[in-house]
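Structure, as structure tokens:
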Amino acid sequence: MTPILLIEQVLNGLQSGVMLFLMAAGLTLIFGVMGLINLAHGSLYMVGAFAAAAVSAVTGSFLLALIAALAAAAAAGAVIEVAVIRRLYDRDHLDQVLATFALILIFSEGTRYLFGSFPLFLDIPKALAGPVSLPGGIQYPLYRLVIILAGLLIALGLFALIARTRIGIQIRAGAADREMIAALGIDISRLYTLIFALGAALAGVAGALVGAIQSVQVGMGEPVLILAFVVIVIGGIGSIKGAFVGALLVGLTDTLGSVLLPMFFAGFMEPAAATSVGASLSSMLIYILMAGVLLFKPTGLFGEA
Amino acid sequence: MNLLELRGINAAYGPSQALFGVDLALKQGEVCALMGRNGMGKSTTIKVICRMLRHSGGEVRFDGREISALPSHRAARLGIGLVPEGRRCFAPLTVHENLIAAARPGPWDFAAVCELFPRLGERRGQQAALLSGGEQQMLAIGRALMTNPTLLLLDEATEGLAPVVRQEIWAAVAKLKRDSGMALIVVDKSLAELRGIADHAVILERGASVWSGSMTALDRQVADQFLGV
Amino acid sequence: MRRETLLNIALFALLPVTALAALLLDEPFIITLATKAAILALAGVGLNIALGLGGLVSLGHAAFFGLGGYAMGILAAHAQSYTPLLESPFLIEGTKSMPVIWLVAIIVSALAALAIGALSLRTSGVYFIMITLAFGQMLFYFAISWPAYGGEDGLSIYVRNGFPGLNTLDPIQFFAIAFAVLALALFLAGRLAKSPFGLALSAARQNPERVETVGLAPYRLRLVAFVISGAVTGLAGALFADLNRFVSPVMFSWQTSGEIMIFVILGGVGRLYGPVAGAALFILLEHVLGGLSEYWHVYLGLLLLLVVLFARGGLIGTLAGREVAHD
Amino acid sequence: EGKVKVGMITTLSGGGAGLGIDVRDGFMLATKMAGNADLELVVEDDQRKPDIAVQLADKMIQSEKVDVLTGIIWSNLAMAVVPAATAQGKFYLSPNAGPSALAGKGCNKLYFNIAWQNDNLHEAAGAYANDAGYRNSFILAPNYPAGKDALTGYKRMYEGELAGEVYTELGQTDYAAEIAQIRASGADSVFFFLPGGMGISFLKQYANSGVELPVVGPAFSFDQGILQAVGEAALGIKNTSQWSKDIDNEANQTFVEEFQAEYGRLPSLYASQGYDTANLLLSAMEKADVSDQEAFQKALEAAEFDSVRGKFKFGANHHPVQDYYVREVVKEGDVFTNKIVATSLTDHADAYVSECKM
Amino acid sequence: MTEPILEIRNLCKSFGALKATDDVSLSLRPGEIHALIGPNGAGKSTLIKQIAGGLRSNSGSIHFAGHDVTPLSTVQRARAGLGRTFQISSLAMEYTALQNAMLGALGREGRVMRFFAPVMGQRNLCDAALAALARVGLSDHATIRTAELSHGQRRLLEVAVALTLAPKVFLMDEPMAGLGAEGSKQLTGFLDELRHEAPILLVEHDMDAVFALADRISVLVYGKVIASGSADEIRADPMVREAYLGAEELA
């Protein structure tokens, strides 16, 4: 492999990491900070993508589509928080698992009912289409650079919100002891609804942004969900920085693994077997990474005991 | 007018009733000692006042209005501050974050709390979970003060504190009462210390208020009968 | 008698009564469903030992379910094609005998649980959920891409394996086998919960520090529980594979882990008969609602939601009141 | 007497539901048009889970007492159901999946495939690559049996060099790394098999990457149901199929018109396969009674029905011997669709027929 | 003078820059109550944790019943006979008081890998647990879930569990905290007798109790032992008065 290709693949890995962070950002808030296991997060991601596709089909405007994604996901988030999640904060994690699993079923099939069983069309705006040339002769899709930017901005914004503002402190305090923070005069229910809606909105925006270069279809949220959980857990629950680093690690591992492992095995195996073994191993790689990280740091890279 | 008034409070945890008609009244700037043996309902009464626990009978009036229907954050915003039993600091947050999480403007701010408890200033960036027991207790008190309440509920707030610190706290309480007219309900085990600070006392026995009167009226005989000392 | 005891008796009787009724009505498929419920309940009983008693929220139990399934698939496939499983260093032949397969399934999944548990139990809480998920996923991807036993396509066994003295192809007889295994597992799990080990394990869930200071090692308690739990779930996997005469990597997927967990939660975590209630209800819903509408998942979702929101402590918790199961 | 009960097990919920719905709709259209009251159909949703499919098969055989099973979309589900169904003496007509195991050693006299053997469309792509003069292909597919079959199928016909061969993760959504490899590989063409959402993602990302090598693939990523979601990115791409809506014969024209009239959308490949499956069955019902297994099998083997593909016949392993076309993605008005531009293989059977001993 | 059963030599523990225990040496002899007092955050609980095994020391050694137990884990030390109570109650909250006590009895017996026989049917365990509850005055509450006990009752249960272990040494971290005046008085009397079963290393802020009970008192300030001696000596020590006792009325 030429150095330039290697650099390009590293870039791809980082890019895919930032994209992962974008997808995990909302979950970082809801799961990482509020401490709520929300399996339906992937559904909110899907809601965003579908709302964007629907609006873009009608208006042709990507900006409007993004706004629609944000609004639809935030609204869906607020509704499920008030109707369901709110009753579950003081319950066992397992009740949250069951309830949000039920929400997945409702959202997935509800979306299919509304939009049919076939994938929808959502494309990147013309202005952002096509590649740009980076130094070193690397051709890189402009839109992906935009995604990187969006991911970085959201990472910074979240970090500031959680670590630097009083609202962030109150959310974390609420996660530690809801009853107590309420007894000190904080309307934790309203705050949580807001934050949940914000997390949902982030998921929705990610769904729309990423949906434009992937397929917008029912069930698109579930693989993302697992990946997002992996990212957050590797980084350490509750740490935005951790989630970001975790996302980059997973992105790099996944990309470079799928490129390098088959080459590695080709060194001493016949080509067909090498590609196949390499590919098998690379699909396991992020799980091996996660298990490895947790074995050495049982609370993730930046997590606290 | 009474700042706080409990009349005939009944309360239960699920099926098991813990309070059977508790009465208590308190004026602005007064300190009331809430006493009784272990398990008699002191903490339950405190929880009812700050609306952490919904009572099933009787009424709670604060500042002239019936607050039974309010959620606990609204009661807190009316000016009820709580130092709960067992500290309940926000374990993953730092000392500073614990203090400012729910702070409301007023004379008690971070600097003032650090003056009362210098230890908290020294440990400002440390996670609450890693504080010593006594430091956590200081933190819980500081946290409640930072909400600048007009009524402060201290449920075993000096548990686990060194004698010097306890003395400082009682001194601070006396000052609070004197300077800012804060009212307090204090649950504490040391009768001697309470005598120095409380105006009157209410004694609970099996969830009912069985004795109330001024601190001076609480003589040996009463103490012996209800508190076992 | 306590309400929960009565309820448990009713639940226990539910499956065989259904199966017998189906036999009388000549509805063999209902028997198959009852068998499926019994087997999945068995998997749930296994998980419940780790989850309910030990507080170990494993999202990787599909690993054991799948290993049990593949133990059956691989042994039976070799027996079917008359090729030995291993020739050197010693000869291992395939087999079509259920008891032998069960034994292998139990041993293999117990060993896997020992390895996975030994590593995973260094973590706790959500990290434990995710690390068990990771091990499950590793096996899943391995099974998908490992060509020797069919990869994603899985392995078909044309004829159900045999059990001495019984005709396993007859639905009611196979049901009887599955149900007997379930009954045995329930009995043992019930005893386990009340045993000294159960007391210590459950205490380790509530407060590991406390258990340490009385001189018991939470790690060891949990590891043992995890191994027992994995072995039971592995056995269920072997039975499940035999029910379908088919295994595939789907058995390893996180959705499978999730479903087993749903049975447990639905029935009531830590309730001995919770998995039975959960699995039975889930299968009932799946088959009743499935016929109603193409979008039946919506109704399933709504029903599950109602259960979580309004039926605290799962089905059994609601029906039996909030008494604690273990005392 | 003369009645046939058909059990259709197909995917009607969840991610892959579109395919199952099309197969079902195509099948039902044919039965409706035939108006044959002797054919009774029960449909069940397998949720794309093998174990559910197996249980549904059991249910249909044991409780519903069906004579014929059909409907399964996915190879792994077919592998789970077909051997057990045929072992119990039921006919199975596959409207989509054609795993090699069932075409070769595992073939069965009661099992008929009316779509293709899994390798076929890829073989057609390989043959087309030769015709188009590609000498250096980069090929990729997901890492699972059908993906391996796909690349094997392509390589079986393709005569040029390989610039690269990559197995991607099943369900992968980001193809930046693969596209970078393609760019760097010096390939002159790309062959890919990425069914469902994977293909949509790949095509969108490929179109946006600035790599402009010609792409060829099997029809699955370009079919009617999915094409609208790919959009412009698919325009002009060549794909191989045994069917296209512009195949010029009367049966096909009727099918396309009636399907549109009935369901308000253009038919897909899967709909055409479902439709042909039903017609094959109806044709056999004309000739034989299903209770006479041997006669009914003969009637099916004869395959005397008007296929939307024009000519259609079975090979010795009950898999199709048919023509494969090269289609190009075009835009008709607002709708993306395909038109035939060439024929890549004629009267093509599959590679496993010699292994089949019935 | 009898040989100490527990001896701590030059124990150190730092958290970052903070020296929580700084070269502490202490001993505990059979039959005595050795009180450890000191300001909040002085390192008393840290020291208890180090002795019980929950925290690894940076340096120093711990000798118990003639053995160097420094390398042993919490579990091993508990088995060797170190019984500990927590400053903040640490109990199995879903269990009844009796079940918590049974757990202690089970820990003492040690044979936990028994999967079949019901634990509640084991007479010896049950009797030991009930006896312990009775000794702290919780007999009436045996079948109440710990979560439903009041704070003070939990503190007593904490002591009861330690009793069921029948340890060779008690490490008690503020057992009086949270007890009412009456409760404290009773517990004081109880500990006074308990010392004959096993000596007690007692951390306590309740000076009435400390002065009434302690044979020896050590004062810990900023991780260092600044004074050690009899109750009267300590009471009179000006350094201790300033750092810890303050102007307290002497009872």
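Note that the chains take the letters A, B, C, D and E in the order they are written out, and that residue 1 is the start of every chain.
The definition used in the following text is that a contact is a pair of C-beta atoms (placed from the backbone, for glycine too) under 8 Å apart; a residue touches a chain by one contact, two chains touch by 3 or more.
According to UniProt, the chain labels map to these proteins: A, C = Branched-chain amino acid ABC transporter permease; B, E = ABC transporter ATP-binding protein.
Keep in mind the model is a prediction, meaning the values are calculated, not measured.
Participant: On the document's contact criterion, could you list the chains that touch chain D and likewise touch chain E?
Facilitator: Common neighbours, chain D/chain E: C.
Participant: Which chains, if any, touch chain A and chain C both?
Facilitator: D
Participant: Through how few touching steps can chain B be joined to chain D?
Facilitator: Shortest path length, in steps: 2.
Participant: Of all the other chains, whose mean CA position lies farthest from chain B?
Facilitator: Result for max centroid distance from chain B is chain D.
Participant: Could you grab the centroid distance between chain C and chain D? Build each centroid from C-alpha atoms only and quote it in angstrom.
Facilitator: Taking the mean C-alpha position of each chain, the two centres sit 36 Å apart.
Participant: Let me have the rounded angstrom distance from the C-alpha centre of chain B over to the C-alpha centre of chain E, please.
Facilitator: 28
Participant: Centre to centre, by mean C-alpha position, how many angstrom separate chain A and chain B?
Facilitator: The separation of the two C-alpha centroids amounts to 44 Å.
Participant: How far is the middle of chain B from the middle of chain C, if each middle is the mean of its Cα atoms, in Å?
Facilitator: So the centroids are 51 Å from each other.
Participant: For chain A, what residues touch not just one other chain but two or more?
Facilitator: 108-109, 112, 276, 279-280, 283
Participant: Which parts of chain D, given as residue numbers and ranges, touch two or more other chains?
Facilitator: Answer for chain D, listing residues that touch two or more other chains: 13-14, 17, 143, 148, 170.
Participant: Would you please name all pairs of chains that touch?
Facilitator: A-B, A-C, A-D, B-E, C-D, C-E
Participant: Chain D touches which residues of chain A in the complex?
Facilitator: 1-2, 4-5, 8-9, 12-13, 15-16, 19, 108-109, 112, 116-121, 123-124, 129-131, 139, 141, 143-144, 212-220, 223, 255, 258-259, 262, 271-272, 275-276, 278-280, 282-283
Participant: Could you pull out which chain B residues touch chain E in their complex?
Facilitator: That would be residues 13, 16, 36-40, 43, 85-87, 119, 123, 130-135, 137-138, 156, 159-168, 189-192, 227-229 of chain B.
Participant: Under the stated contact criterion, what part of chain A meets chain C in this complex?
Facilitator: Those residues of chain A that touch chain C are 37, 84, 87-88, 91-95, 97-99, 101-106, 108-110, 112-113, 226, 229-230, 233, 237, 276, 279-280, 283-284, 287-288, 290-291, 294-295, 298-300, 303.
Participant: Inside the complex, what are the residues of chain E that reach chain C?
Facilitator: 52, 54, 73-76, 78-79, 83-84, 86, 90-96, 99-100, 102-104, 106-108, 110-120, 122, 125, 145, 161, 164-165
Participant: Per the contact definition, I'd like the list of chain C residues that touch chain E in the complex.
Facilitator: Chain C residues touching chain E: 188, 191-192, 194-200, 202-203, 206-207, 209-217, 221, 224, 324, 327.
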